[in-house]
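Shared chain: subunit A. Partners: subunit B in the first complex, subunit C in the second.
Showing the complex of A and B:
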């Protein structure tokens, strides 16, 4: 083991962390705003990857990169309007079960449309090749993806923290009834947040597709990770999600050196440790169960 | 007519009628065979292709054996030993199945083999490759191993790999029974072929991102990455080895790979040296078999017969031939009929032999290079070998399933 290996693994961990954060941000927002444990997030992620795989050879990488999240956002709009509106205000476990059902049915739909075999997304021409870091070569595409992920995270941060829309969204997390009383349309707000979360899931699918392959089960692979990062970072907290994503990315990457057989357990262990000391997550202001308890009172 | 005569005629008529019903129902009673294999998860495509092979074998027998129709009862093992063994037990105890086959994951197959031993049902492990299936502690008289063990797959290729690809080996091991088996056998032959171990990484089942592992290997100085990784994890690993430029510096030897793992890749992502169990273009008979898959199952994940398809076919064919030879569906008699059986019409260039003392199927296996070409002919066969020349012999394997 030498210092250059540690440094490159650290770098890899940071890049992975940005990618994990993009995957998790949408999930965290829907969980924070709507108090819905949206297990359909993995399905939307898988749809994003499949739609991108399907249309990008025809229309090109960048047009597909723009169109795919919009299509997935449309799917999210339908899911929210037809199903999710019925679970707001109910026990969060009910939302979990409903969205889990959507996820399972949706995965079967993906298999029916696109088949069971794994598909691969080729690296776009502009990103082919490697960059030289210290004495290691590193895929150029991963560096570009990490930069794209960071830009998306910054945009979402600006939207939530700096814009009027974001102010209302944050207020809605704390007191949805007050938001309604002030004349804001709560159902429309929730729908917009769900659509935003869906768009982010679609983008995450595009990001992940060339790295991990495109298959109907890929939503399951990412869902638990998104759930862990959202809880660890704190519901609806952009900052918390990013920090949690980075922590998991870095520790998982470096963990290969010391505990390679336990790397898959790292996110779970970190979650337990964080929630033990901070039940609302690193930067969360409420818990799901706490919110339900307050409402019941 | 007096009362006695009437009673006698009525009774005799009833006996004859009941006897006819008994004969007719016995003749029509189907022989139930269970197929426990993955229909979801990591090996779903492999399971589906295997099931096609099983159905094609039933079709070859006209759908019946010993004058009785064959009824295949399917169950999803979900790639989980607990679920697989529970479903196998359900097939035996509830459905009355006495013959089971199928599966891809070795840990699931070993669990099912244990259940079959308890219940006295015959089990053919068709696509699992851990040599535990024919090893002491796991092998039992009710279990047959259709797929080649890692002993023959690794030893059959090791010398060629050392001479042609390099002698500094870095192992990537899927962290479960089968993965350990492959790496163990590769380690065992290091001295024999003049190779040395540079390092090993064990990766959990379900790993999708290998970037950190590959970064460690990149500067290790290895010539050959020896992979014993399977399913979706292997596809992700193939993609990422290319992504990290590893195949520009070293070669990859996949101790066991499947067509399902290489075919979905972009052609530019292929350049592996792979031990396979069969290839659809090996012989004219295999090509014809493959055409049956394409024509009969247009919605199948693949349009050619994969090794999973072939071994599903071979397992069912062997079982039905054994029933015919035994003339009965009594499990013990069928086991005896299967031991020592030679199957010449197995679509290959060499016959399949079922070795009696460890219930291991022995045959011919190709070693291939996957090509950066479009289309379905993606493997170049570099050489073939007989597993009987490389499988563990009597002196290496203490198991004795027959006297």
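Showing the complex of A and C:
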């Protein structure tokens, strides 16, 4: 176990953390504004990866990079309009079960259309080669992917923290009745946030596609992680979500050195710890979905 | 009301008669192991409904108890039973171990409610799943444990599948009657009132956390027993059953039948679930697509489940609609 191995794993962890953060931010925003635990988020992620794998050889890398999130966003729009609008304001378990049903059906749809095998996305021509970082050699493609995810995170951060839209979204998380009383159209706002979350999931799918391979179960794998990260970071806090994403990413990457078998269990143990000791997450001001325990009320 | 009248109005009597003659029904009777699985699921879903339908605790990790029950049965069977192939000790061990495990988990999360409860059960079950999946020396990892040939239960020969069917029938009915007794007992009434208004129950002097812990133990123990019966049915154990997606199946089966409003809902739901799974999967590879959509439609348009449609519920006063528990 020398220093360059650790460094490579660390860089992998940071890249993973960025991908996790992009997925989790979307999840967290939808959870905040709609009070819906969106189990279909992983499905949108898987759809992003599959559509990108399917269309990028014909229309080229960058056009596919732009079109795929739009398609996934459209899909998110449909899911929201057709199903999720019906569960707003009801028991959170309701939304969870409905979206679980959607994700089961959607994963099967992916298997129907594109088959069960794991597919690989080849490196585009401009990204072939290595980069020298500190004292290690690192694939250039991964660096590009990390930069892309970082840019997306910064853009979303700007959108939520600095823009007018973001202010309304944050207000909607604290008191959705109040913002409708102030004349903002809450259904439209929820719809936009959901579409934004879907687009983020789609982009994350594109970024993750060359790293993990494209398969229909990839959504389930990341869904629980997104959930854990959104909870750890605190609802609606971009900063907290990114930090939590990086922590989970680096732990899952470096953990392979120390506990190779049980590394997948670590996020769940963290989830238990967070739910017990910090139910509001690292930087959150709200607990998700109302009360935490029977007695704290 | 005399005893005879009560007995004749008891759905369990008719269910028992139906399942007793099931092996002799012309076409269905050929699928004995399917029937056994339905019976196992029937007890499993009823025990799960103690949590979801009666106490209002949405457990998404029930598959873990089921899976741990299977593994304990399998391991005890391989280590200690030897040539007698008596499955009494393995099943007893699964009840004890899962009972202790579910008491422990229930104790840890006894104060959590709603979605936090659901998440914690998912987290615990995933940790157990990963242990089962990765601890290859003991659990066989991805390959699971196979070659578990059941022999006898305290001298009763269970080798043939029809004998095992009747054995499971007996256990499933005894278990179901016990669960019904629990729901009708004062303890069960407290559970139902916990679902409606926990704060008021606390003001009445009940320690609600203790009740949640106990119901978790009872429910988990039955699930463990079901897991044990299941692994002896198919002579094998795999970690798949412990994944949270699989734990979702029992939630779906319970809601499908109407477990939120009717005691017998889980029985209807799990029978339909198992049959639909077997029939659809033999006809069409991508049956999960239909299943997913059907599930969405059921949740959206008939949240009270199939038995909920018929309206007249035996104990409807004690239940509320699924989505109407905001004041909890």
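Simple rule for what comes next: the second predicted complex is superposed on the first by the 279 of 297 C-alpha atoms of A that agree within 3 Å, B and C clash if a C-alpha of one lies under 4 Å from a C-alpha of the other, contacts with A are read in each partner's own complex, and residues count from 1 in each chain.
As a working rule, a contact is a pair of C-beta atoms (placed from the backbone, for glycine too) under 8 Å apart; a residue touches a chain by one contact, two chains touch by 3 or more.
Here the structure is a predicted model, which is why all the values come from computation and not from measurement.
> Clash or fit: subunit B and subunit C on subunit A?
On the shared subunit A, the partners clash.
> Give one of first, second, both or neither to describe whether A:278 is in contact with subunit B, with subunit C, with both, or with none.
Neither partner.
> So, A:215: does it touch subunit B (first), subunit C (second), both, or neither?
First partner only, subunit B.
> In the superposed arrangement, does A:120 touch subunit B (first), subunit C (second), both or neither?
Touch partner of A:120: subunit B, not subunit C.
> Could you tell me if A:192 is touching subunit B, subunit C, both of them or neither one (first, second, both, neither)?
Neither partner.
> After the superposition on A, what does A:264 contact: first (subunit B), second (subunit C), both or neither?
It touches subunit B and subunit C both.
> Contacts for A:8 in the overlay, against subunit B (first) and subunit C (second): which applies, first, second, both or neither?
first
> Just subunit B (first), just subunit C (second), both, or neither: which does A:141 touch?
Touch status of A:141: first partner only.
> Considering only touches as defined above, state whether A:170 meets subunit B (first), subunit C (second), both or neither.
neither
> Both subunit B and subunit C contact which residues of subunit A?
Residues 261, 264 of subunit A touch both subunit B and subunit C.
> Spell out the residues on subunit A that touch subunit B in their complex, using ranges where they run on.
4-5, 8-9, 12-13, 16, 115-120, 122-123, 130, 135-139, 141-142, 210-213, 215, 217, 221, 252-257, 260-261, 263-264
> Give every residue of subunit B touching subunit A within the complex, in rising order.
40-41, 44-45, 48, 175, 201-204, 206-209, 211-213, 215-216, 218-219, 232, 235-236, 239-240, 243-245, 260, 263-266, 268-269, 301-302
> For the complex, give me every residue of subunit C touching subunit A.
So the residues of subunit C touching subunit A come out as 58, 111-116, 118-120, 122-124, 126-127, 130-131, 134-135, 198-199, 202, 208-209, 244-245, 248, 251-252, 255, 286, 288-293, 295-296, 299-300, 303, 322-326.
> Note which residues of subunit A are touching subunit C in the complex, please.
37, 83, 86-87, 90-94, 96-98, 100-109, 111-112, 220, 224, 227, 231, 261-262, 264-265, 268-269, 271-272, 275, 279, 288-295, 297
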